[in-house]
Amino acid sequence: MPSHAQPRTIKKILIANRGEIALRLARACRELGITPIAVYSDADRAALHVLEADEAYRLGPAPASESYLRGDLLLDIARTSGADAIHPGYGFLSENADFAEACERAGIKFIGPPASAMRELGSKTRARQAADRAGMPRTPGSTKALASLDEARSVAAQIGYPVMLKAAAGGGGKGMRAVTRYEDLKSAFEAAQSEAERAFGSNEVYLEKLIERPRHIEIQVLADEHGNCLYLGERECSVQRRHQKVIEEAPSAVVSPELRQRMGEAAVRLAQSAGYTNAGTIEFLLDDAGNFYFLEMNTRLQVEHPVTELVTGLDLVHLQIRIAQGEPLPLRQQDIELRGHAVECRIYAEDPDNGFFPSPGKITRLVQPGGPGIREDCGIYDGWVVPMDYDPMLSKLVAYAPTREAAIARMLRALDEYVIGGIRTNLAFFRRILSDPDFQAARIDTGYLERLLLQPNAECTGGSSEEREHIAAIAAAFFESQRPAAAVAATQPPSAWKSAARAEGLHS
Amino acid sequence: MPSHAQPRTIKKILIANRGEIALRLARACRELGITPIAVYSDADRAALHVLEADEAYRLGPAPASESYLRGDLLLDIARTSGADAIHPGYGFLSENADFAEACERAGIKFIGPPASAMRELGSKTRARQAADRAGMPRTPGSTKALASLDEARSVAAQIGYPVMLKAAAGGGGKGMRAVTRYEDLKSAFEAAQSEAERAFGSNEVYLEKLIERPRHIEIQVLADEHGNCLYLGERECSVQRRHQKVIEEAPSAVVSPELRQRMGEAAVRLAQSAGYTNAGTIEFLLDDAGNFYFLEMNTRLQVEHPVTELVTGLDLVHLQIRIAQGEPLPLRQQDIELRGHAVECRIYAEDPDNGFFPSPGKITRLVQPGGPGIREDCGIYDGWVVPMDYDPMLSKLVAYAPTREAAIARMLRALDEYVIGGIRTNLAFFRRILSDPDFQAARIDTGYLERLLLQPNAECTGGSSEEREHIAAIAAAFFESQRPAAAVAATQPPSAWKSAARAEGLHS
Amino acid sequence: MKLEIEIAGRVRVVDFTPGETTTSVDGLVIPLESRLLRPGVLSLLVDGRAWRVVLEEGASGPAILVAGERIPYSVNDPRSLKTRRAHAAGEDGPRSIKASMPGRVVRVLVKPGDAVEAHEGIVVIEAMKMQNELKSPKQGKIAEIRVKPGDTVAAGDVLAIVE
Amino acid sequence: MKLEIEIAGRVRVVDFTPGETTTSVDGLVIPLESRLLRPGVLSLLVDGRAWRVVLEEGASGPAILVAGERIPYSVNDPRSLKTRRAHAAGEDGPRSIKASMPGRVVRVLVKPGDAVEAHEGIVVIEAMKMQNELKSPKQGKIAEIRVKPGDTVAAGDVLAIVE
C-alpha cells in the first residue's frame, strides 16, 4: 500500500464511540500528546468518557441510530473541531466500510483498515474465499451464499452432518442455526434466512461443518502501511454465553509455540492477501485434535485487546495511531514475546439470577479493586446512571500474573474487592466460573459456560453461605437501628414500634 | 542455611503494618490462598487495610510506640489468631533484629532475613566491612565508628574533602552532614553525633568520601534458604528531597547490561556473604564516570518494589512468602529479563506550596486513575480521615509502558485524572517534575530535585494558567449560585444580597 | 433493640444496640465492633473476622452486599408475621405486574378486559438491546394497563393489574 | 446572577444563571454547558472544551480544583470590596495565629503578656512526624494563648492572639 504510506502527523482524534473504549482511546491520545475529542448522546452527557475528554460535542438523542451511528454528524464534528483522524473503537461504525470511505473522502484519517480490506474480509463468505486463496484452513462447507434449499442440502450431504448455517453478514450469534440431521435443514434454513434479513438487511446464509466442542482461539495482527504485518499471539475466548464472549485470556493454555506460529503465519497471510492495515483479529475454531479452522475476521480493535497488551508489553492503541500516521511498525516478529498470563472479565449490568436480564440504573456505591497486576478499563463511576440505551458492558477487569493459576487467583481476589451497588452485575457469576475446577484446568470450549449454567450453583464466595447470612442479619439490624423512624420507635410504646417497622422495613 | 530450609506451609500471615503496604501484603496472601490478619491502632480502625482484611485485631492507641511498634502485642495477636508467619512490611519493626528473633523463638516465621544477617548488614559500618570482604566497591572512608574528632580529621585528610559524616545506625537522612573543609569538621562531627544519639540511641558516626552529583541506584536481590540468590535488576531513585525518595524507576536510563551485571553480581556476593535470605536491596551511588559505590543494604521489602515487579513480570511478595515456606526460588538468573519501563510516584499528604508541610485530614473527593499500564497501591478511600500520627504516604502510583518516554507520558496522563480533595497532596508537584526537560532526559542525580525547587515553577498543567483561572471563575460562580443563601439573595434587595455574600463567600 | 430479620425464608432475632461491643443472634452473644464508613457502608469486626457490608435499597426491597453476594432481607414485625404470610400466600386478590428492571415499553400484548392465562405475556420491555416479556402471575382478567409503547419505566413500576 | 470572583488578586465579573447555555466573564459571552455530577463536582463544557472541576471548602476558604491545580477564590461584594481591602492591609488591630494544618501542639514558646517580634515562633505543631513552628505575623504583645501542649488542633483553629 505505498499510496497510503505518506507520513502524516495526527494532532486531534475524534473518538466515535462511548463508554470504556472511548475513555481507553482518549487515554492513549493523551499519552501521545494528541487531543482526544469526545462525542456524546443525550444519555451520555455525564458519562465518564465525556468527563475525561479534552473536548466534547453533542451528537444527538439517546438512540444509537440518532447519535453514535450518525456518520454524517461525526464527520461534521470532526471538521468543525479540526480533527485529523477518527478512531471508531469497536461496535457502532467500526466495521462500516462506507463510513471509512466517507472519512477518507473528507480528508480525515480513519484509524483502521482501508474500506476495500474491510469489504473483502467483513463478509463471512468473501472472507472464506480469501482464506482459501491464502491457504488457510477453514471449516468445510460453502464459500458463497446458498442460492436455495437444494444447494444447502447438497453441501450438507457432501460435508456431513452436523452442520452450521450462518449469516454471511453475521455477528453476535444472529442468523445462526446448528442442524444435526437432514429433516431439520429446511426449517433451519428458512429461520436463519429470515433472522439474517431482519438483523443485517441481507438474507445471505452459508453452511459449514459444525466443529464439536471447539475452542475459540483468535490471533491479533498488526499491519503497517509499508507491507509489514505481525501476529501478537493468540487469545482464548472459549468462555461464551449465547455466542458472546464473557472471559478472555492470553495466551491459551492449549496453544503450543509451534501451533501459535502456524496460526499466526496463516493469519498474517490472510491479512496481507487483502491489503489489510492497522489492527485486526482473525478468529479460529480449534478442535480437540489440535486442528484449527478459520472462522471470521474482525476488522477493528477488539474488546479483549488488553490481555494481548499485558502479555506482549505493547500498547495496541498507540501502535494503531502510529500506523495511521504512516509510521512503519517499530518491531519485528522476533521481538514479540509472550510473558505471563492475562485474564479479562467483562463486567456487565445484568442479573445472572434473573436470566441475565440487563440492569441499567444508578450506581449508588462503587469500590474498585487495584494493586498488583490489576488493570481496569472502566466506563462508570459512583453516581453515574447507566443508560438503558446501549450495551450493558460497564467495565473490563483484567488480571495479569506470571502464570495462569496466579492470574486466576488474582482475578478472584480483585472480584472479592469489587462492589457495585444500585444495579445488578455479573460480578458473582465470574467468581463462580473462576472457581470452577474445569475452568481452572482449562477444560473449556465454546459450550462450556452453557453447560456450567445447567449445574447447581456451588459455594464460591468468601465464607459459607450460612456465615454470610449471619453477617447480613447483623448488618441489617445495624442499618435498621439507624433509621430515624426505627430509632424513635425503639423508645416508643409497642404500637408505635409496630407501625414504624411496617412503614420502614416491610417490603415484601 | 540448610537448617532453615525445611518446607513449611503458611496458612495465616499476620501483617505487622498499616496503610498501602498492609493492603498490598493482604492481597498477595489472598492470591496465595493464605489468610491475611490485619492489625490496627485506634487511629486506623477504618483504614483501608482493615476494611480489606479477613481478620483484624486492635493493637492499641494511635502512637506507633503504643501500637505498630509493640512487638509483644503483635506476637500475642499472632499466637491467639493462629498465625504461622508475620510479614513486617517496611518501616516499623521490619529491620528490627530483636523482633525477628522473638518471632522465631515463638515459632512464628518472620518473613525476612535471619536476625544474624539483619545485624550484619543493618549497621552501616558493619555492612561496609562486609562489602570489603565481598569485594564490593564502596566509598572511601572509615568502616568503623569514629572514636574521636582526631580520627575523623585523619580519615578526612586521607580521603580528601568533601566528605560525608553518617550515623552508623542511620536512615532517612538523620545524623548526616556534608563537610567541605577542615574548619567545618569539628562542629559537623559534634552535630552529627548528637543527632544520631537523639534519633537512633547511638552516637556512632563514620566518615566517607562525598561523591559529587551521584545517582542513587539500587539492586533488588532475592535469596532462598537453599543458597540460591538472584538479582532482579536495578531501580533508579535519584529523585529525592531531603534524602527521601520521591520518584523511582526501573530500569535506570544510564545502567548498561554490563554495568547491571557487575552491580548485580556484587550485590549477590554481599547478600550471600552474610547468609542473607528473602528480599533485600543493596543501595549504591553511581558517579558520572560510571563507578558504583556500596551505600547500604535495606534488609526488607522496599516501598518502591512495584517498579521491579512491572519490568520483571514477577510478584516479589509472592516470592517472599514462597521463600519463607522453605521453597527454592522457581527461577534462575538467566530467567530474569527486564521488559519496558516503570515509574513510581509516592503520593503524599503534604503541601508543596507550603514547605511540603504534612496535610492530614478527611478526604472529601477521590477520583483515581486507571486504564492501561497504571497500577496503584493505595491506602485511602473517599471519606477516609488520614491520621496525623503516621507517615504522610497515601498511595503509590506506578506507570508501566514499553519505553521510559511512554511511561512518563502515561504517568502524566494518570496524574491529570487524579483528584484528591479535602487535603493537600503533592500531585501537582509530580506533574512539574515529570514535565521538566532534565527529568525527561534522565539528567538526574540525588541533588536534582533540590535544584529544581530553586527554579521558578513553570507551566506544566493542562491549559494555560489564565485558562484555568477563567474556568475556575465560572465554576466558582456556578457553586456560589447553588448556595441556598446566595440563591435567595439573588432575588432579594441589595442589602440582603450583601450580607448573604459576606456570610457565605467572604473568607479572606 | 430486638429486630427480626428475615433472610432466605429464615427469621433471625438480632439484638443490636448501637455502640455496644456485643450483639446477639438468636440468643447467641457475639463480640462485635461496628463502624459506619459512610451512609450505607459498614465495617463489621465479628469475632475477629472483618467484613465490609453495603446496604442496598431498591424497588425490590433492601439487601445487604457482603463478600460478593447480594442478600435481600426484610424486617419483620413479630406480631404481624403470621397474618402477613397468610395474606401473601393467597392468590385471590388483584395482582400487579411490575417492571423487573428499568427499560422502555416496546409492546403491550393485551388490553383491559382480556382474559389471560397464568404465565401469559402481558408487556414487553426493552433495555440495553434485550427484550423481556413480563408475564401474568395468575389466570384472570386484565383490570388495568398502566403503560403504553414508548414509555420509560423504572424497576418496580406497576405495568398492569390482573384480577 | 452577577458575581465577582476574585482569583489570584484579579476580580472577574461572572454572569451565571443556572440552566442557561451561555455565561459571561467580564462581559464576554461564552457558550456553556454545565452538569453537576454530585455535590461539589461539576462537568463544564466551555466552548467545546471539557473540564471537570471540584469545589473544595476548608478553613482557608473555598477553592476550585481544575486540571490538577488548586485555585483559591473569594466572592466579592462589589460595594464593600475597597473597604475590605483597606482593612485587610492594616496591621494595627489584634491578629490571630492560626494552625495551617491539623496536628498536635508539642510546644508553646511564649506566654500571655510576652512581647514578640514579627516572625518570632509562637507555637510548634506536629503532624505526620514533622514539626512546624507557627510565627507571629507582627511585632506586638501576646494577648492570649488558646492551646497547650498535647492539644489536637484542626486547620484554621486560632492558637494565639497577638496585639
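A, B, C and D label the chains in the order they appear, each numbered from 1.
To be clear about the criterion, a contact is a pair of C-beta atoms (placed from the backbone, for glycine too) under 8 Å apart; a residue touches a chain by one contact, two chains touch by 3 or more.
Because the structure is predicted, anything quoted here is derived from the model rather than measured.
Comparing the CA-atom centres of all chains against that of chain A, the greatest distance is found for D. The interface with the greater count of contacting C-beta pairs, when B-D is set against B-C, is B-D.
If you average the CA atoms of chain A and of chain C, the two centres end up 32 Å from each other.
Chain A and chain D have Cα centroids separated by 48 Å. For chain B, residues touching at least two other chains, in rising order: 52, 54, 367, 382, 416, 462. In chain C, the positions touching at least two other chains are 49, 52. Put simply, chain B touches chain A in their complex at residues 23-24, 27-28, 30-33, 52, 54, 306, 309, 313-315, 317-318, 337, 339-340, 367-368, 370-378, 381-382, 401-402, 406, 409-410, 412-413, 416-417, 462. Here chain A touches chain C in the complex through residues 349-351, 354-355, 357-361, 364-365, 367, 388-392, 415-416, 418-419, 421-422, 424, 427-428, 431, 461-463, 465, 468-482, 486, 490, 497-498, 501-502, 504-508, going by the rule given at the top.
Touching chain C in their complex are the following residues of chain B: 38, 45-46, 50-57, 81, 382-383.
Remark: chain C residues 33, 35, 37-38, 43, 45, 48-50, 52 touch chain B in the complex. Here chain D touches chain B in the complex through residues 1, 3, 5, 7-8, 10, 12, 14-18, 23, 25, 30, 32, 34, 36, 40-42, 44, 46, 49, 51-56, 58, 60-62, 64-71, 73-77, 79-80, 84, 88, 100-104, 126-130, 132, 152, 155, going by the rule given at the top.
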